[in-house]
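The letters A, B, C and D name the chains in turn, as written, and every chain counts its residues from 1.
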Amino acid sequence: MILFLDKGARLHDIEALKEQLRQMGYDSIVQIENNATTLRILNGITATDHASLFAALPFVEKVSPANASFKLVNQNVQHKKSVIRIKEVEIGGGEFVVMAGPCSIETKEQIFDIACSVSQQGAAILRGGAFKPRTSPYDFQGVGEQGLAWMREAADTFDLLCVSEVMNTDDIDLVAHYVDILQIGSRNMQNFSLLKAVGKIQKPVLLKRGLAATYKEFLAAAEYILNEGNSQVILCERGIRTFETYSRNTLDIAAVPILRELTHLPIIVDPSHGVGLRQIVPAMANAAIAVQADGLIVEVHTDPDKSISDAQQTISTATFAEMMQSLSKIGDAVGMRVRRKQTELV
Amino acid sequence: MILFLDKGARLHDIEALKEQLRQMGYDSIVQIENNATTLRILNGITATDHASLFAALPFVEKVSPANASFKLVNQNVQHKKSVIRIKEVEIGGGEFVVMAGPCSIETKEQIFDIACSVSQQGAAILRGGAFKPRTSPYDFQGVGEQGLAWMREAADTFDLLCVSEVMNTDDIDLVAHYVDILQIGSRNMQNFSLLKAVGKIQKPVLLKRGLAATYKEFLAAAEYILNEGNSQVILCERGIRTFETYSRNTLDIAAVPILRELTHLPIIVDPSHGVGLRQIVPAMANAAIAVQADGLIVEVHTDPDKSISDAQQTISTATFAEMMQSLSKIGDAVGMRVRRKQTELV
Amino acid sequence: MILFLDKGARLHDIEALKEQLRQMGYDSIVQIENNATTLRILNGITATDHASLFAALPFVEKVSPANASFKLVNQNVQHKKSVIRIKEVEIGGGEFVVMAGPCSIETKEQIFDIACSVSQQGAAILRGGAFKPRTSPYDFQGVGEQGLAWMREAADTFDLLCVSEVMNTDDIDLVAHYVDILQIGSRNMQNFSLLKAVGKIQKPVLLKRGLAATYKEFLAAAEYILNEGNSQVILCERGIRTFETYSRNTLDIAAVPILRELTHLPIIVDPSHGVGLRQIVPAMANAAIAVQADGLIVEVHTDPDKSISDAQQTISTATFAEMMQSLSKIGDAVGMRVRRKQTELV
Amino acid sequence: MILFLDKGARLHDIEALKEQLRQMGYDSIVQIENNATTLRILNGITATDHASLFAALPFVEKVSPANASFKLVNQNVQHKKSVIRIKEVEIGGGEFVVMAGPCSIETKEQIFDIACSVSQQGAAILRGGAFKPRTSPYDFQGVGEQGLAWMREAADTFDLLCVSEVMNTDDIDLVAHYVDILQIGSRNMQNFSLLKAVGKIQKPVLLKRGLAATYKEFLAAAEYILNEGNSQVILCERGIRTFETYSRNTLDIAAVPILRELTHLPIIVDPSHGVGLRQIVPAMANAAIAVQADGLIVEVHTDPDKSISDAQQTISTATFAEMMQSLSKIGDAVGMRVRRKQTELV
């Protein structure tokens, strides 16, 4: 329970208010942050019953119950979907945007080959990991900044935008220097320091759903970013952890229409991590466009078996080409156009 | 570890064999069933290492390790998908078959109204529950046999097939008398007595995935039915239980392409139970046809708010009509035709 | 929403009532069952708002909302815990009762050896499966009635009670003829036909929690049995299915104190299925008595490696002996006495 | 697949090696880090088959397969459990160490009152959050550094050690200045930047299991810390996310004996987050000591209903006192002594 106080309140007014609350049986603490002075009731259980009492107190401007957690991401806030425009590409604007590339950037040649291929086949955005979050410290941790430079050059060469993951606050400026979209990975979905930090810059953020995150937790994580001033957030469903072990995760396709009801933010799907089985990826991409997701992020490699990471879930450029044709057909059926390249005229 | 014995073996041969095994350090028991005599090694852990030793023993025809659990459902058994033909309708034969109707049969008027409506809009099969598995004994348990009679009459009147759930072995003949397809519900997916019993009749069975069943357990349950002689089994993905509570279940759309790789049996999707939210059902139906499921089973009511059960997840006939149009378009895109009615000329 | 009608109501009274409801905007259907005439409102969503209106209608005795699902199992129904007395043994009466024996009954010699051993070490009840629910139809399905006869004889010889699983309604009389407690397995926790059938006999029932059943579903399943007249139900926590695969299941020890708050029924723990790893079983038995469960059911074998089923989770008789000593010590610490044998003087 | 190269290798040797690998069909990249030069094979699937071939190449010192992820945390590394000694307290040394205190530090008076109380009742370590990871940005985020100063003073006053959470790398020095143990919360269990950073300092780290982390992922997270040089890691089981919603989480008590088999690190239990229901906390504390956990971390407040966070799961000081007595008794039964205070003579 939070009481937002009138900016005209002076310290002795606040002290008097705390005393009045104390007589009502409530202890409280004062916080001054982000230009707002708030008074929090130290009472977890019963305070919500007395919201109207609190609202009537002097210098109290408004009372915020706990469930007001979705002020900014909420669908009701604005009448239409948010559209995130990056150069010529619009995400959330009715076109289906495909992000494709390797799990890890390995060599300059590799990222150029893949960029060339996915660009020809209609991807608009190049993906690739330079800083990799890996379960084990002994797994490949990525090639670092050099990889970002290669990816940027490859993207520019083949008329693509690019996206890559940032894993900690110290790297934000570095990664943002090279890429068009900063990715926050699943394991960091509730790394609140990182969320706040990317909220303070003006670059689009691709926020992946945590592997055991509910829809509400996912939206609350996005709210952290919006609350800091950056409203360019793209949500990404990438599979949740269930009892099933045959597939890497269970791709929750229903998340797309459900989140659509709850938020104005664009929603894309990652079928690669979502199932973790390369032969299943194209079918799940079809499902994503059939439910009118705003796009796709997919792992593609010119030689998937030689991927340094995630080989099992990476499709070949040939499979990617077929997949794009299939997406175009289903897109026509559901009224979505699959965007082709970055500078394509709309 | 099971040793299948030569039919020429006599009892004293078997005794000698048991003695020989004992000297090798293995106890065993003999089972005579289904015209086969088997000898099971009483040794859970190490016996599998000695398969070749066992195979060399006298009167041992073959040795069956534990992982031979999918003899009949396995995709490799036959070169093409199974097609289940019921009157004029083929399930698994390349058409997309829609089963629609109320959660519960309530009144004769209700089932006729709904049958009339879904038939006009292109459903091929009428669904409706007469015996209802309900979490609480105080919830509505269904109208029983009378409901089946109404449904049969409604189906015949409007040129539909029909499907309904059977909950125990004693009711199989009764339900089979009225319906074209017997449904085994999620809660009974591992009711092995029931599986064996429906395996002994010659009616198609719609087997729903248990709410926490892995793909392998789902297939093993189907194997129980096939093993008794009934190979007309239709698998149905209907959502699994996960940590997410906003939706009733998490509809595992990836189950369709994954099971397709593992089995020759047809696979349909139940988006109603799969998400439990009526406004999300049409999108998930789109996803089902986009991944080339063989069909759909969906809860439809002329007045969903008045459904006696599952009101939250039941769509109106108007929504159903729109959904069928959308399915037709996506079907065209993925090369599947949505079947319209039972006697439609193919 | 169910309206229970006055027994004095005549058919034309009921017709008038249905008409009156219709004018209020509600359709309804009438059910006559178990000596009660009920009228169910055909309206899933809004009817609950009008409970008081319905209650005021003529011939309506009471109105039952959907959440009255725990009439009989509810802790508030009676002031103390239920005690289930079988011969000299009381379950739920403050003693800790240990049920032990093999997963499957294999041979007469096997069950006698194990019964002898666990009886000496203080078990009160012999467990053993004769009809086995197995994921695959090709797994060992149990030795059947012969095994029950062996177990009964072994139990009587060594002063034990005995428990075994019943898998379908047709076998209830057979199994009940031999055993003191009928077990309903996890996979059948929502086999409602079976629950109703064991509710009609007067034998204690050991009801195992389904592997994805919530506490409320577990209690609702018990309610099915009590609602038919059999109140001798023992609940058994046996592990739930989670994302963790290292252990067979996740044993939910908290289920014991939580269910204790919700129901008066006794609650025991099955550490063998709960973790599926024999070396972890004794620690989990310790946890069970530390939270004051009413007992334990555990898989014990004279030669665990040769168990025909569940070898990985079966402990040896030597481990069982150590475990019983440890349980006695912790029992003293928490004020529970570990019962020793069946006819021990209390 | 990683090849560790001989330090004598020169660049042209490495080039020759890469060329030789290329002729074998493998691409590779070179990494120089932590004084080691490694060459990674760019081949996700088939490379593991050829480990012995790689090992025979010039300048290859050893070949590391992917499953060597637990070099340092592995139980087999050292013959006995790790003991983490902080001043007079030993964690993992056979005593049961209790950490207690409020969820959030609220005021100086609050933390002093609670410290006084839990110290008298035998806690050795004071817990309290100053930087709080909260699902919503609008929830109370903690009082910050001031709170840490209060907690340090309270701990020193009442002869306690103290532990508090650190949420990002920038705050490590600050938090480490005040506390004896740095806590990494569940949401940050795979925040690898943070893990590496706390691995570089010499303070004990309390690492909480992620809410959907497997045992192996949990251990791999600990391995990140040890791999940087800090071997003072205490693991904490704090409940996992399952389908059950009645309790906040499912406390996986079996994690204690299972992790004990896998690692030499101490393991404690958090029953407060583990169940989220204050009335169940004491029973789960009993279970923790019954399975011989090395300790407990529990939320205690002098007035739990007024806790600013986690009120539902916080126990009163009176309940805490009873709990400590119960722990002592069970500790005696299982051969563990509950440590009382920090400077108690052992």
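What we mean here is this: a residue touches a chain if its C-beta (ideal position, glycine included) is under 8 Å from a C-beta of that chain, and two chains touch if they have at least 3 such contacts.
On a predicted model such as this, the values are computed, not experimentally measured, just so you know.
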(request) Determine which of the two chain pairs, B-C or A-B, is joined by the larger number of C-beta pairs in contact. (result) B-C
(request) Compare the CA centroid of chain D with every other chain's and tell me the farthest one. (result) B
(message) Can you compute the centre-to-centre distance for chain A and chain C, using the mean CA position of each chain? Integer Å is fine.
(response) 45
(request) Provide the C-alpha centroid distance between chain A and chain B, rounded to the nearest whole angstrom. (result) 37
(request) Please report how many Å separate the Cα centroid of chain B from that of chain C, as a whole number. (result) 27
(request) Would you mind listing the residues of chain D that make contact with two or more other chains? (result) 212, 216, 241-243, 245
(message) Which stretch or stretches of chain A touch chain D in the complex?
(response) 2, 26-27, 29, 40, 42-46, 64, 66, 68-69, 71, 106-107, 133-140, 143, 167-170, 187-188, 190-194, 196, 211-212, 216-217, 220, 223-224, 227, 241, 305-312
(message) Quick check: in the complex, which residue numbers of chain A touch chain C?
(response) 212, 241-243, 245
(message) For the complex, give me every residue of chain C touching chain D.
(response) 212, 214-216, 240, 242-247, 250-254, 256-258, 261, 274-275, 277, 279-280, 283-284, 286-287, 289-292, 326, 329-330, 332-334
